[in-house]
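Before anything else, here is the set of structures, which you'll find just below.
What follows is chain A paired twice: with chain B in the first complex and chain C in the second.
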Partner chain A sequence: MMRTIRRFGVAVVMIWMVTTLTFFLIRLMPGNPIATAYQTLLQQGMTAQQAAVQIHILYDVYPNQPVLTQYFVYLWNLVHGNLGTSIVYTGRPVLGLILAAAPWTLLLVSMGLLISFVIGLLLGVIVAIHRDTWIDNLTSQVASVFHGVPNYITGFIFLYFFTVMWPWFPFGNIYNPSIAVGLTFPFVASVAYHAVLPVAAYVFGAFGGWTLSTKSAAMAVLGDDFMMADKIRGLTSAQRLDHLVNNSILPLFTGFVLSLGFMFGGSVFIESMFSIPGLGYLVQSATTQRDYPVMQATFMLLSAAVILANFAADTLYSRIDPRIRN
Partner chain B sequence: MTSVPAVERPRVVHHGLGRIFFSKPIRVLGLSIILLYILMALLGPVIFPPQIALVANPAKVFQGPTWADPLGTDFQGVSVLAEVVLGARGVLMVGIAAAFFIVVLGVLVGLVAGFVGGLVDTVLMRVTDLFIAVPQFPLLLLVASILNTSSPWMLVLMLSLTSWGALARSVRSQVLSLRERDFVEAARGLGLGTRNIAFKVILPNMLSYVAMNFMISITGAIYAEVGLLFLGVTPFNPDNWGVMLRQAAGTSGALYTTKSMFYVLAPLLAILLLQSGIIFVLGALDEVFNPRLRKGGARA
Partner chain C sequence: MSEVAVAVDDLVVEFSSDEGPVRAVDRVNLQLERGKILGLIGESGCGKTTVAHAMLNAVAEPGRIVRGRIHYAGHGDLLGMSEEAQRLFRWQHVSVVFQASQNTLNPLQRIEAQIRELARAHRISNPNALVGRAREICDRLRLDGRRMLDAYPHQLSGGMRQRVGIMLALLLQPEIILFDEPTTALDSLSQESVLRIIEEIHAKEGISGVFITHDLGIVAEVADVVAVMYAGRIVETAPTGTLFNAPRHPYSRALLNALPRLTGDPRAAKGLTGAPPKVVGEVAGCLFRERCRFQTAQCKMAEPVLTSVDADHRVACFKINEEDGRASV
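For the complex of A and B:
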């Protein structure tokens, strides 16, 4: 219990560090957007007073305040759930933008992660059982090449072939705008239809890694004494397979949780490529339009999600695997 | 005590190099792919002088492969092959330089943390954890948009600063296990200093791991680099695969015609082929550094 609390404390401190880092990154970099905007306004003939008011309206900070004061104001707002307002979508609170975008990203990323994990698990176990045969050589080689292929490559190939070459799937957006939003069959079907290609892009970018790590985990389990004991006890091959799979999943668990964060990062590509109004798209459009409040908040939330996932993985792992419980 | 493979080992490392690479056809393939890319990077502008090869020609927009343009032409009528070949230098230089700094930083932090221990270890590892936890791509986007620089060296700096964390952590754990081994104990017994033990005894034992990470980091850095250019956050010189992709997806209108297939696929395949080449060679590297993996064992 003490361990869990300590770990949670570390996670909170790390989130605070990321917040601080991004705050100062944006404020203190040479040519930071706020200083640049302030200078531009001055050059346009505004008085320092007017420019400061204008900057306050745009960025929610007073440019003449010391940076530390700005920082504490920012933290204070943050703790109260105020993430500022967007510059591009004038006046819309950042939190609202993020909450509207998050479900799509969660849906696509978790689907992609689950499907690639299941495929990788199956392939990995098969390969481990048929070690050093042509099945192993072929699958392992393919998996190593696909492992680490960024999803913008797989996504782009799918996009080109299945929406341009052969227009089997719709291009852009995540549902047909002419269908009313709601938990109705046409809407869900439309979402599923639009989700096929993005999810496939995630899956093809990720299954190779899962195959390789399942393979090494399963090979380690196959060498364990209890697998030999299973054989001697005369368990059927189905029962032995069950033991093999269950024990191979364990070491993959931490990686599974951690890769959530990685895939959230990758959503930047998939979502801007397929024009899906999720978090990745929000990050990307905010970046190209220099919408700093949105960038800062989404970046911070993504990092916080990864750090918390990390914490959850650590805590849950010791509960799942009785061997490392102390 | 008759077999002494340990004495045999240093000799085998050098003599077996060619044999290891040529023992499997796939490694020869991988090596040739890598050589091809190096040639492209070195000789690209000689084969396709940019002033001639990159001139727009509205008469042959989005053409299929011909003898003159084996990969067809793009939206301006420029040969796609010339664009891919000319893009290699910029992409490879940034990738290799970034991988170099990633490895130097990762190994240094991992070695110091694992070897010095105590407070230094705790602080270094907390910083490492932070860099691992922060999602790389959004961070890159943020920094790239703030810096807004077109210098390839800034790109290298950004790429290496955001991706050394994982290597540092695993180097540290290797150091922790290696420093308990007998030969390190022996080195300590001989009175070697900390720096000597760290860099001359422990580091050589991790070389294979470091070398393989260097190769993988190259592909990682190239992915991130091309990705950033694809998203259009860094203004960077035009002859680059990422810029090709960006134009293919956006302004060029390539996504509205089926005639653009070669143009769209060429930069993607250029990256995939390089990745495959590196993966195929990795297995050989592993054997070069770990004689125990070789078929037939050490020649006693």
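For the complex of A and C:
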């Protein structure tokens, strides 16, 4: 318990460090939108004072404030749950933008991750049981190829074939805008229909890796003495398969939980390709337009997700493996 | 004439390899009499464990039984049974005490969960009674039953695990137990206590057993009859006393010569140099000849078969009457 608390403390400190780093790094990037707006106002004939007031009204920042002061104001607001307001979408709170985008990313990426993990687990175990047969050769080759192809390539191929050549699936957005948003059947069905291609792109990019790692884990377990002993004890095939799968999942578990953290960042390509208004899309558009508050908040979220996933993996692993528990 | 509990007939096991099929077990014949313990000895890699696994038709991949019969009294040939019948036969009639019991248990389950799984696999209607029986056996083996059943395999010490392994082997009341080097991984104190437990079980329950080991001292202690294995073949079988006092095969003699004596100079013990050959496919001649001091042209041309030299004493060697000068040691 003490160890869990300490680990959590370390995670919080790491998130603070990442936040600080992003805050200053962002301001080192060329192209400061506030400075540009300030200059424009000056050129329009405003006095420096008027321009500063105008900027403050528009963006809730003081353009001539020292960066360090800005940083402490930012931190102060942050611990009070205020992430600031967007510069590009003038006046809209960053938290609102993130809350609007996050569900789509969570939906797509968790579906993609879960489906690719289950497919990879099944294939990996089958391949390990039938190693050195044509099933193994074929599946392992296919898995290696898909593992090597980045998901934006598969995404692009899917887009071309299934929205252009054969327009079976819709392109762009995550639901049909003519349907009222809500937990109704038409809306959910529309979301599912729109999600097929992006989720498929994610699955095709990820299942190969899971297949290969499951295969090596399962082959190691198959060589363990207890699998041999299980047969001699007369356990049923189902019971032996159960032991095989449970023991093979262990080494994959950490990777799986970490992927949950990384998936927020990994969704940038797929979301911009399929025009899905998720976090990845938000990160991308905020970065190209130098929307500081949005960039800051999304970067912090992406790194916090990885750090917290790491913490979760550490804490949960000891729950599923009794050998680590004490 | 006592009853035969299991007869292994002309057993051949091969492992596929890049060079061709490797014969791990070559035309082995064994008979285990009811209530007796048969010692199976030989150096590592000679096929002892493979014989034990073959007796349950559970040879690990890429090995397979090429031919042979495993005839159990009252059950017939194991290899002729259906898959499901074989599965149920294992552990209900023949169980195994493994060499490293800690690794033969699923690391993710408590011992009790594994017992309940065993109950389900063998369609035992009252799993609670089986758990109770496990607790009783633990008590008899001087283990804290409640603690053992509640533990994960990694929480037990080496000696405890081996006794839990014995408990599991006894659980379904089999007629035969195969002891596959049950004491090899233990320190000598635990070895002694495990051996005493095995002797006790043997005496009380009249269980028949095959005891596999490379430790001659242990064989002398527990076995009624001994079979010496070399490179997949049985080269000599004899009652334990006979084998230790008057071994006839040059390999058996070399094994005994390698033992340090309690009386006399321990340095007089002579190890055997060289290693057993790898047997790919059918190999003619005696497999021991390369390491044998008595080898002649005949040993290369023909294969010596097990021949009776005495009642219950059979040897596969052309040169059984050669003196090996052991008297001078």
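Basically, the second predicted complex is superposed on the first by the 286 of 326 C-alpha atoms of A that agree within 3 Å, B and C clash if a C-alpha of one lies under 4 Å from a C-alpha of the other, contacts with A are read in each partner's own complex, and residues count from 1 in each chain.
As a working rule, contacts are C-beta pairs under 8 Å (C-beta built on N, C-alpha and C of every residue); 3 or more make two chains touch, one makes a residue touch a chain.
The shown structure was predicted, so the numbers you read here are calculated from the model rather than taken from an experiment.
> Which term applies to chain B and chain C once both are placed on chain A by superposition, clash or fit?
Fit.
> Contacts for A:Ala217 in the overlay, against chain B (first) and chain C (second): which applies, first, second, both or neither?
neither
> First (chain B), second (chain C), both or neither: which does A:Leu235 touch?
Once the two structures are laid over each other on A, A:Leu235 reaches chain C alone.
> Does the superposition put A:Asp225 against chain B (first), chain C (second), both, or neither?
second
> Is A:Ile153 contacted by the first partner chain B, the second partner chain C, both or neither?
A:Ile153 sits against chain B, while chain C stays out of touch.
> In the overlaid three-chain picture, which partner chain does A:Asn246 touch, first (chain B) or second (chain C), both, or neither?
second
> Between chain C and chain B, which one touches more residues of chain A when both complexes sit on the common chain A?
If we count touched residues of chain A for both partners, the winner is B.
> So after the superposition, what angle do chain B and chain C open up at chain A's Cα centre, nearest 10 degrees?
The three centres form an angle at chain A of 70 degrees.
> Mind working out whether A:Val283 is in touch with chain B, chain C, both or neither, as first, second, both or neither?
The answer is first: A:Val283 touches chain B but not chain C.
> Now for A:Leu83: first (chain B), second (chain C), both, or neither, which partner does it touch?
A:Leu83: touches no partner chain.
> After overlaying the two complexes, what is the shortest C-alpha distance between chain B and chain C, in Å?
7
> If you lay the two complexes on top of each other, which residues of chain A touch chain B in one and chain C in the other?
The overlap between the chain B and chain C interfaces on chain A is empty, containing no residue.
> Which bits of chain A are touching chain C when the two form their complex?
Residues of chain A touching chain C: 224-226, 228-236, 239, 243, 246-247, 250, 321-323.
> So in the complex, which bits of chain C are touching chain A?
Contact set of chain C toward chain A: 53, 56, 58, 60, 87-92, 95-96, 98, 100, 103-108, 117-118, 120-122, 152, 154, 168.
> Please output the residues of chain A touching chain B within their complex, sorted ascending.
That would be residues 10, 14, 17-18, 22, 25-26, 29, 31-33, 141, 144-145, 148-150, 152-153, 156-157, 159-160, 163-165, 171, 261-262, 264-266, 268-269, 272-273, 283-284, 287-288, 290, 295-296, 298-299, 302-303, 306-307, 310 of chain A.
> Within the complex, which stretch of chain B touches chain A?
26, 126, 129-130, 133-139, 141-148, 216, 219-220, 223, 227, 230-233, 245, 248-249, 255-258, 261, 264-265, 268, 271-272, 275-276, 279, 282
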